[in-house]
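Mind looking over this structure? Questions follow.
Per-chain residue numbering starts at 1, and chain names A, B, C and D are given in the order in which the chains are listed.
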Amino acid sequence: MTAAQTPLADLNACSKADFVAALGNIFEYSPWIAEKAAGARPFAGVVQLFEAMKAAVERAPPELRLALIRAHPDLADKTQRAAGLTAESGAEQNSVGLDRLSDAEYRAFERVNNAYRAKFGFPYIVCVRRHTKESILRDFERRLPNGVTTEVANSIGEICRIAALRLDQLVASGDRLPVHGRLSTHVLDTHSGKPAAGIPVELIELSAFGENRVVTRTLTNHDGRTDQPLIGGRPVPIGDYELRFKVAAYFASKNVPMSDPPFLDSIPLRFSVSEPEGHLHVPLLVTPWSYATYRGS
Amino acid sequence: MTAAQTPLADLNACSKADFVAALGNIFEYSPWIAEKAAGARPFAGVVQLFEAMKAAVERAPPELRLALIRAHPDLADKTQRAAGLTAESGAEQNSVGLDRLSDAEYRAFERVNNAYRAKFGFPYIVCVRRHTKESILRDFERRLPNGVTTEVANSIGEICRIAALRLDQLVASGDRLPVHGRLSTHVLDTHSGKPAAGIPVELIELSAFGENRVVTRTLTNHDGRTDQPLIGGRPVPIGDYELRFKVAAYFASKNVPMSDPPFLDSIPLRFSVSEPEGHLHVPLLVTPWSYATYRGS
Amino acid sequence: MTAAQTPLADLNACSKADFVAALGNIFEYSPWIAEKAAGARPFAGVVQLFEAMKAAVERAPPELRLALIRAHPDLADKTQRAAGLTAESGAEQNSVGLDRLSDAEYRAFERVNNAYRAKFGFPYIVCVRRHTKESILRDFERRLPNGVTTEVANSIGEICRIAALRLDQLVASGDRLPVHGRLSTHVLDTHSGKPAAGIPVELIELSAFGENRVVTRTLTNHDGRTDQPLIGGRPVPIGDYELRFKVAAYFASKNVPMSDPPFLDSIPLRFSVSEPEGHLHVPLLVTPWSYATYRGS
Amino acid sequence: MTAAQTPLADLNACSKADFVAALGNIFEYSPWIAEKAAGARPFAGVVQLFEAMKAAVERAPPELRLALIRAHPDLADKTQRAAGLTAESGAEQNSVGLDRLSDAEYRAFERVNNAYRAKFGFPYIVCVRRHTKESILRDFERRLPNGVTTEVANSIGEICRIAALRLDQLVASGDRLPVHGRLSTHVLDTHSGKPAAGIPVELIELSAFGENRVVTRTLTNHDGRTDQPLIGGRPVPIGDYELRFKVAAYFASKNVPMSDPPFLDSIPLRFSVSEPEGHLHVPLLVTPWSYATYRGS
């Protein structure tokens, strides 16, 4: 439970008004959903609370569901940003870098918003914490040809993903919503048959149309792993990544005979993430002359 | 035997003057070496011919050896280039890109030449066909602290390497000088247990201070190999390289179930070459979820 | 061309009687096939000769084809062995060990022969050089439920395989019949990045119901390969095999630090052969702490 | 804490007599060690208790240390077994199979005992729970050439290892003595990029001079691991092992195209254990056409 979190017990015990005040923005600008859920108290856990809110959305009449969709901002929209997003929407869009787009990127997103809104009459909604800019645009290409019924359903689905992540941050409970993934690595030195300690590791998010971005830089510990997962406690955004390891100094420090320059030094492993809530393990088995990797779990 | 090559038999049979005319520039501006070797005719092969020329250099008095060293041009020197290099020197320097240096690179080479010449009184000589720009500069850093005796020996050594490559190009013989290396790859699809055909392969020469350079682009054949070695029939320049394979379209064409986006698509293998005359084989064993490489032979 | 081989040119030039005398037993006790083929002389190569003999079989009336089938001996039949097989049949059956069966094995083969003959009225025919005892019995289990038409076709198919192998041994020609496979290995020491020389290698044919049999024992050469293929110049019999490598003494001789006892020493690779005419390469990539293998080609 | 264990608090609180009664056989027939340690109560944990007992041994005069050594039985001695070992000694010797030796094995152990006792005047002592029969005999070959001072020290070392294991079984405490190792595996299907569930796994202890012994048979679970470690909660005996996996039915159940017979089915991984208290992980990465293993941790 972090400082900012509200214990579930408090939400179970408080007045309906306080409950709605606390959870009114879990669904963007739509406190009616918290109001509906309030009647189902007490909740045994946050999963049950979320299910109650989701049920309220699903049972709502079509026009209310459409209003919920329309309550969402456009992605990366400068006018709306100036006018004020909810704090939640702002933080979410910033997390994926939508507040610092290049001009070319900004135009790409503007095109997406306009094309989608022109076709469907509501904004293009996606749970941005589960995505990179590339995958947002790729998903758009897939969704644009859909019919309106499909896109209403897709939008509600994305809205529920956004809500689950907000709820996870807001409420402290014994159980957890399954909204977090993990990306991890380890380096096994098969030259000495031991975990490789002290190997520099860098995780890069690759961008097809912008700058690559360093997600994290760290060193392997005595167990050949990193003290923290490379990404953890949040969804692992769908996208393309490169893990970079530096191995020559490590082997040199063990007086391993090597060629000059060393056959291997900087080792890039390039891979894509497709399941933001999954546990993805990308290990490196390495000698000065060979290496292997695989999707582990 | 290529069109431009002279059969060894002809060199064995011709007049001494013709022999010296043919081989006068094997050692830069130093026909006296061919003259010495002429007396040892006939040669059973090009290796024997080369040994005779090398012996002439080794037995020459110190001042002649020094003159041989001084007969060589500075690397990447614009004035000399304008004034005219031997055709051989020009082609060699161009092969490594010394005729198309950026301003920063040009200044780096000028610094090297000047520092070396200031210390030793003769130009910095290196057999450039065995190097990338990076390794030329790296070798310089190593050689500059040496004493003059060592550097005279190193220079003669490099001059003999240059001569061997020139001789190999010029003379057709049943035997060959061991001056060529080979870099090759193959792709084995361990998902289907078969060689992977039709995989795009790209070999990039990596540059620390300039632009990366595509050495070759090709496709794997039905045997998972490339029809031609990635580099062959010449030394493999000392330096850093990246092999890039594209595998997702290959597996998709075989209807292999993959994640979306595919876990693996562009696979970079980064390695360094240290033995220009060696045979280096860098294979890829790959499934949609794993891969391995190693230094093969 | 081995000592015992007849040049194709001789067979093209000789009298029809001599031709039939030379090739009369290519198809068991059936010189009429050579007689038919004699008229198609001269043959450009042994493949063309074989096609002519095969065509004679295929165009023969059903009763003659059945007679050809019936001309074959039972597998491992003691009475027939005493009475005399053709030299060819005897050598073939001996190659797979049918002349030295245990009592249990003998009874198994007798059961097969009797069951098959009782159902179809002709002997169970299989090209034994392409098989181990296990795969002969396994194929029998598959073929016994077939109808007679299928089994006539299967028998003719096996007879043609037998004939092709006999022809390959008998006739010297510029071309070759595609009747030979190859099984090979190599050992790559990924600890030092070099081929592993001097590694003891043993190939064992595994038997489900008899004794395992050592096919060959050898050492890897300086290139990490064996001087001769493990099996070559003949079909690689369908069956189960184990390759055994001894690696601890090799690494110890290079002063590689190892645990005591060494983590790895005797390394068994177990695999099956399914394509007797294929080229199967089973390499070992090994450090003192790891190894990998794959079906190469 | 198992049923038979005594809480450390009870040992801290009880009378000296009860303490000695409880721990009198931790060191074979030598209650004086428990008596010495009793004075150091209370102990914060079992590690501290063990250190106190070990200190009593180390501070004892040479003749008492020798008496401790002589209090131990011969390995596998039939007369002593009939006359009665301590319950502890009996169970330990049985754990490694010393109660069910073949005649040849019995004679081998008798030879060891006699040769050692003849040279040193005391029995050959080894902590048998850390060994296989082979490694007991191998260690004997190493220790026999030693001088008596070294062997007194080695014997005391082994006696302390025996004592630590007995203490670990007898006393329940918040801390643990580091006397247990672990051997584990997992199977990763790199054909599908997922853990391989339902793979039959067999662990065999290999014997050079007796029968191989199945240590455990199990199946991989949904995570590709085994529900229990292959060996855990005890030392992993020094010796040679083979892990056997059956993979063909697994891949067939997923409709993976394979050769007939499958290239891979029964996969043996042969390795040795050298650190009984270590954590040894021996994974299998496998497709129908390739596999790899390594010493993990």
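By definition in this document, contacts are C-beta pairs under 8 Å (C-beta built on N, C-alpha and C of every residue); 3 or more make two chains touch, one makes a residue touch a chain.
Nothing here was measured: the structure is a model prediction, and the numbers come from that model.
Visitor: Report which interface contains more C-beta contacts, comparing C-D against B-D.
Guide: Result: the pair with more contacts is C-D.
Visitor: Please decide if copies chain B and chain C contact each other with the same set of residue positions, more than half shared, or with different positions, and reply same or different.
Guide: same
Visitor: Centre to centre, by mean C-alpha position, how many angstrom separate chain C and chain D?
Guide: A distance of 48 Å separates the two centres.
Visitor: Could you put a whole-Å number on the gap between the CA centroids of chain B and chain D?
Guide: 58
Visitor: Provide the list of chain A residues touching at least two other chains, using ranges where the numbers run on.
Guide: 190, 193, 259, 263, 285, 289-290, 292, 294-295
Visitor: Contact residues on chain B for chain C in the complex?
Guide: 188, 190, 193-195, 223-224, 285, 292, 294-297
Visitor: Quick one: which bits of chain C touch chain A in the complex? Just the residue numbers, please.
Guide: Chain C residues touching chain A: 190-193, 257, 259, 263, 285, 287-290, 292.
Visitor: If we count contacts the way the header does, which residues on chain D are in touch with chain C in the complex?
Guide: 135, 138, 238-240, 259-268, 270-272, 274-275, 289-295
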